[in-house]
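The two complexes that follow have subunit A in common; it is paired with subunit B in the first and with subunit C in the second.
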Partner chain A sequence: MSAVAGFLRSRLWLVTLSALMALFVVNWILQPNLVTPNVLKSNLSVFLPVILVAIGQTYVVLGGDIDLSVGSIVALVNVVTVSVIAALGGGAGGVLGGIAAGLVVGIACGLLNGALVALLRFQAIVTTFATGIIFGGLALMVLPTAGLPVPAEYWRTYGSSPLGLPVVLWVLIAALVIVAVIAGRPFIKHLAAAGGQRAAAFQTGLKLAQIRILAYALCGLFAAFASLCLTGETASGDPLMGRTLALASISAVVLGGTALAGGSGSAFGSVLGALVLGMIGNVIFFAGLPFDYQTLIQGLITLLALAGGVLVARRN
Partner chain B sequence: MPPVLEATGIAKHFGAVVALSNGSLSVGKGEVHALLGANGSGKSTLCKIIAGTVARDTGSLRLDGSEVSLRTPREAEARGIALFYQELSLVPQLSVADNIFLGHERTGAGGFLDARQLRADTDRLIARFASVAGTGFTADAPVSGLAPDQRQIVEILKVLARKPRLIIFDEATAALDRRQVELFFAILRELKAEGVSTIFISHRMDEIFEIADRITVMRNGATVASFASSETDRDAVVRSMVGDVGIRDRVERAVPPSSGAPRLKLKGASSRRVRDVSLTLRPGEILGLGGLQGQGQSALLQGLFGALPFASGTLEIDGRPVSIRKPADAVRTGLAYVSGDRGRDAALHGRSIFENIGSATMVREKLALVWPRHLRPRFEAAAAALNTKYAGMEAPIGSLSGGNQQKIFIARWLATDAPVLLLDDPTKGIDLAAKADFFALVRNLADKGTSIIFYASEDAELLSLCDRILVFNSGAVSAELAGASLDSFHLTNAAYGEVA
Partner chain C sequence: MNRIKTILTDPLVLAALSILVLLAMGEVLSPGFARGDQIIRLLVVSAILGMVAAGQSLVVIGGREGIDLSVGALISLGAVLAGNAMSGNDGGILPAILVAGGVTFVIGLINGLGVTLLRIPPLVMTLGMTGVVQGGLIVLSRGIPSGNAAPSLMGFVNRPLLLGLPGVLFLWALLGLGMWFLLRRTQLGYAIYAMGSNERAAVLTGLPVRLIRTLLYGLSGLLAGVTGVVVIGYTGNSFVSVGDQYVLPSVIAVVIGGISLAGGSGNYFGVMLGAIALTLLQSVLTTLQLEFWGRQLIFGAVLLLLMLLYGRTKQLRV
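Up next is the complex of A and B:
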């Protein structure tokens, strides 16, 4: 038993993967046309923002912190992007300019969070709750009401399929490549050390502030990616976009086997966790249950994942 | 050839506290240099200054004869100085290999981790010290799954992986058993043969004479003596640690402790930090717990009080066996516990003095839900017995000074009339006048028949107050001092002794 627990402890994502496969089978039974290119593509389009935000959230959580402001970062990036595109008069140049502005805003928000938490030593949960309100307020200042469409080039490209694969899949592949690159560098060990045993990491001479700020910046960057994808979906600006993403991303991170206390976990696991969350929604929808059940069940599953993590950790 | 390290006249103060007034140390190439001194003598501060984790106020540090600054751990590390941390510096979630090379990862093309190289380096390190590291763990094992002694070895390997030329081992052997200590010494000798110098802090005198080439002794923040270990002996070293003054400063008790049946009898108590401790406590007796800090004294008191319950052992109070699994059991049994960590262990922050005094009585007398106004006179009497200065029972606890707060926490227990009082380094951080009041009170309570177990990190407090002292080493009682042997020479000697 303890051998099994020990094995699972370092590979909690295996449990998530099994759950994902089970959900996939159930979904397929309920929705026979699930495994067709169009349905898979539209599913991925729906899940992608949560996946991206969850990847970013993983780095922050791994470092022993948390980011409750990601939802507002998504909104702020969206309104800045559409506004910059409009200001530049649309066109390919305008779109690229808007995307660049959005990415800069995402990273800047992350850097601000990181600086407050790691340099000024504010408590992460309260700080990012507050900065989330600030970012949300800024989004409303930039664009008070939803609207302001993006040029057709933007959403047409987002919906296209270069080299035979849809853009949403290319985005996912690109995100996974970034995850793999980060996972292969000393940074990820330093981050896990910062989250796992901060005093030990400090004594070892790691630059804790730099590490934690970088994690927040990555989180902001991935939130910006998510926002740009959502913008491709909605094709317009919306200052209230992404409100549920912060909590959904934390659920995905937990489901993916990352310890909320920090120190262990992986962004790949969070991708699986986000997919599980999405599939739960699908299954509930196709089983004909009211939509209200979706959040209830997602909440229960997250609680279960937390309890499972605690149990496995205790047995060791 | 100049010494590898030469520290002279190092001073450091933290606020008003002088941690180090005149620290000096000279370590030759390939030398094992033992640094000795009582709690608070400044040896840890001196080591931290050498390792760059604490910046010195004044004094000179020379490496190979040239002055160096060593203001940060990185700077010291770059100069080949490594500090072994007594408080473990490992990350439990990471593997052995990741921990050993944390912050010094080997990277290949494009800055990627070279996992194979990392593994090979770790295996080589484990193999080189296989006699010590044994086969108990592999490079991939997560540190969270290792036993404390294995973690200690990983910690040592982590230091060695930096290939330093001067290593400071601050109590590296504390978690190791005798066999592992032998193996650790084998490593030290091997390092010595390679010309690596070590500063070795240990609380076991026998180990010091076994391994050290030189011994430097510190007392009250200053270096007082340095010996070649072949030209001195244990008595001379202990004498220089203790100094010439204050060998015996015991204040005789007005009422000697009762010689009747024991109030409390503990047999074979063991827990994670306590090994097979037995003791008896008579009515009116003040029993001291001595030895170096962190040798299990606090863990014993917290065990008796049910905060860190014992895994085994039996406890009798007034001849009746009792089982204490949590603090509430202890309170109902008539035990009281006062800790020096006021903020962490005792204060009900933001609550009134009345509530802070009343909490233990509530538990002891199983009063729930209603604040017992009728107890007010009793609480006031308890506070008055301690000369506590306070504005009123309704004033918040935070309005009092540290010393007066500590009196309130003692009043909390006086109000319960507990027959056994456990004092866990109770005078930590309170001023001298409050200390004197406090000692008078403890004597007074004992004279009236209260049995007291008293742990203090300052030897002088123990020697002035206690009827008997049990000296702790590595979680076990290594000696019992009573009568003529109640002096600082015997106390220091026993604290540094091998476990019997």
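Up next is the complex of A and C:
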């Protein structure tokens, strides 16, 4: 019995995976055409931004911090990308330039958060809330109102299927590969040490500030990935994009078995957590509940899932 | 020199100074900003923020990463429940307060039970509860604004009662005294500080830490619900997201007021000044007639400046 408990303790994501499979079956019963390429693809397109942001959020949370500014980073990256593409006059070169600018902005936002929290020792919650306001303000400065379409090349490419698989799936695969590469580096152990036993980690000589700043930079980078995907989806600029992503990403991280106190968890778990969140929404939508009740039921199930996730993590 | 620095970086002094500076700035930018009736208006808005922040203060002082992000949804719930209980009749005011306060108190207690019994991190528990309450509000009101404030309640919040001041300001002052009495003159108050600064020690001295913490979340819910009643008195009617705008300002007022988010320190008078300073800042930024994004940038920058002054965590040492 304790062997099972020990096995599960290091693999909390298995619990999330079981929940995901159960939700998938229920969804399949309610929506018989779920397992067709088109429906799966459109589902993945909807879930992908949350998945990507949740991956980035995991690193910050693992290090014992939190990033409430991810939603605003997504908005800022979006408006910078579309504005740069427009300024460069569209075309393939313009699109690549816009994407590069977006990625730089995402990383820069992350570096700023990390520097404030790790170097100046600001409290992470209030600080990232404040930088979130600033990033959101900058997004409105760059593009005051929604609009400014991206060239057709951008969204056509995003919607296409090179080598038989849709781009959204390639993006997910690429993200998982990055996660796997990071998981194999010493960085992830150092980060968990920084989150779990900060004083002890400091005393063993780890460069904590550097590690935590890198985590925030990764979070900014993944937020930028999410923003580029959303831009492919909406095909235009929107300074208010991504408002709900901060909370959704934190929920996904917790559902994926990462402790909010820091020190343990994995980005793979967060991917599963984000999928569970999305599937809960799907099931509620297809269950044919009265529209008025959908938000309430979704809130209740999410709260129960969060409570369950925390309980399972502790029991083990 | 050190002494001057200590005094100047004291949160209370700093909040008071920023209030004076902001008032002066407002008066320069728009003559009449610091006129008596304008100040009273600003104080009423501050009182609303200050009442939610009172509950937030209790939860934060109690420690263990205490924070209540459900206050916004609970304000909305309080306002909608109160509005429907009154539907414009003075006779409905007392039932409105009882219903709004009672329901939000129970929801706050549920938050507390989740945090203490299930040991869910407060941030997650209260966020999750926000989703539930918002869903409940949609069921309750079907998304349509409903209920109106009774005339006497609106008078209490908006019109002079005594010495030219609206009744709600006296209510806020009473709340301030009550918070001071609770925190500094009762055993419960000392227990809250004790568990906030060192939970283990508090448990070992035999304090019912779980019970107290559950109660703190209940009180935060109750204060949010009562704030909802005041909000509907201020605006006249309610809608399902009327409370959302108070969530993060309530946390910020607590931080500006000198209460460490780590728990175990600070007092409510600082938070009252913090609520006034924050309201003034928003008002001055509105007076500047900047674009919305310009106001956002300044607001964010001021927050970061405040963090620099006293929101920093301890340096790690070997």
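Assume the second predicted complex is superposed on the first by the 282 of 316 C-alpha atoms of A that agree within 3 Å, B and C clash if a C-alpha of one lies under 4 Å from a C-alpha of the other, contacts with A are read in each partner's own complex, and residues count from 1 in each chain.
Please note the rule applied: a residue touches a chain if its C-beta (ideal position, glycine included) is under 8 Å from a C-beta of that chain, and two chains touch if they have at least 3 such contacts.
The model shown is predicted, which means the values in this text are computed figures rather than measured ones.
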| item | value |
| --- | --- |
| Subunit B versus subunit C as contact partner of A:185, first or second or both or neither | first |
| Contacts of A:263 with subunit B and subunit C, given as first, second, both or neither | first |
| First, second, both or neither for A:208, with subunit B first and subunit C second | second |
| Partner chain in contact with A:298 - subunit B first, subunit C second, else both or neither | second |
| Touching partner for A:244 - first (subunit B), second (subunit C), both, neither | neither |
| Subunit B versus subunit C as contact partner of A:160, first or second or both or neither | neither |
| Which superposed partner A:42 touches (first subunit B, second subunit C, both, neither) | neither |
| Contacts of A:193 with subunit B and subunit C, given as first, second, both or neither | first |
| Of subunit C and subunit B, partner touching more subunit A residues | C |
| Shared subunit A contacts, counted only where both subunit B and subunit C touch the same residue | 199, 203 |
| Contact set on subunit A toward subunit B in their complex | 6, 10, 184-186, 189-190, 192-193, 196-197, 199-201, 203-206, 259, 263-264, 316 |
| Subunit C contact footprint on subunit A (complex, rising order) | 66, 116, 120-123, 125-127, 129-134, 136-141, 144, 198-199, 202-203, 208, 247, 250-251, 254, 260-261, 292-300, 302-303, 306-307, 310-311, 314 |
| Footprint of subunit A on subunit C - complex, ascending | 65, 67, 114, 118-121, 123-125, 127-136, 138-139, 142-143, 248, 251-252, 255, 261, 291-297, 299-301, 303-304, 307-308, 311-316, 318 |
| Residue numbers on subunit B that touch subunit A, as the complex places them | 53, 73-74, 77, 85, 87-94, 98, 102-103, 105, 107, 111-113, 142, 144-145 |
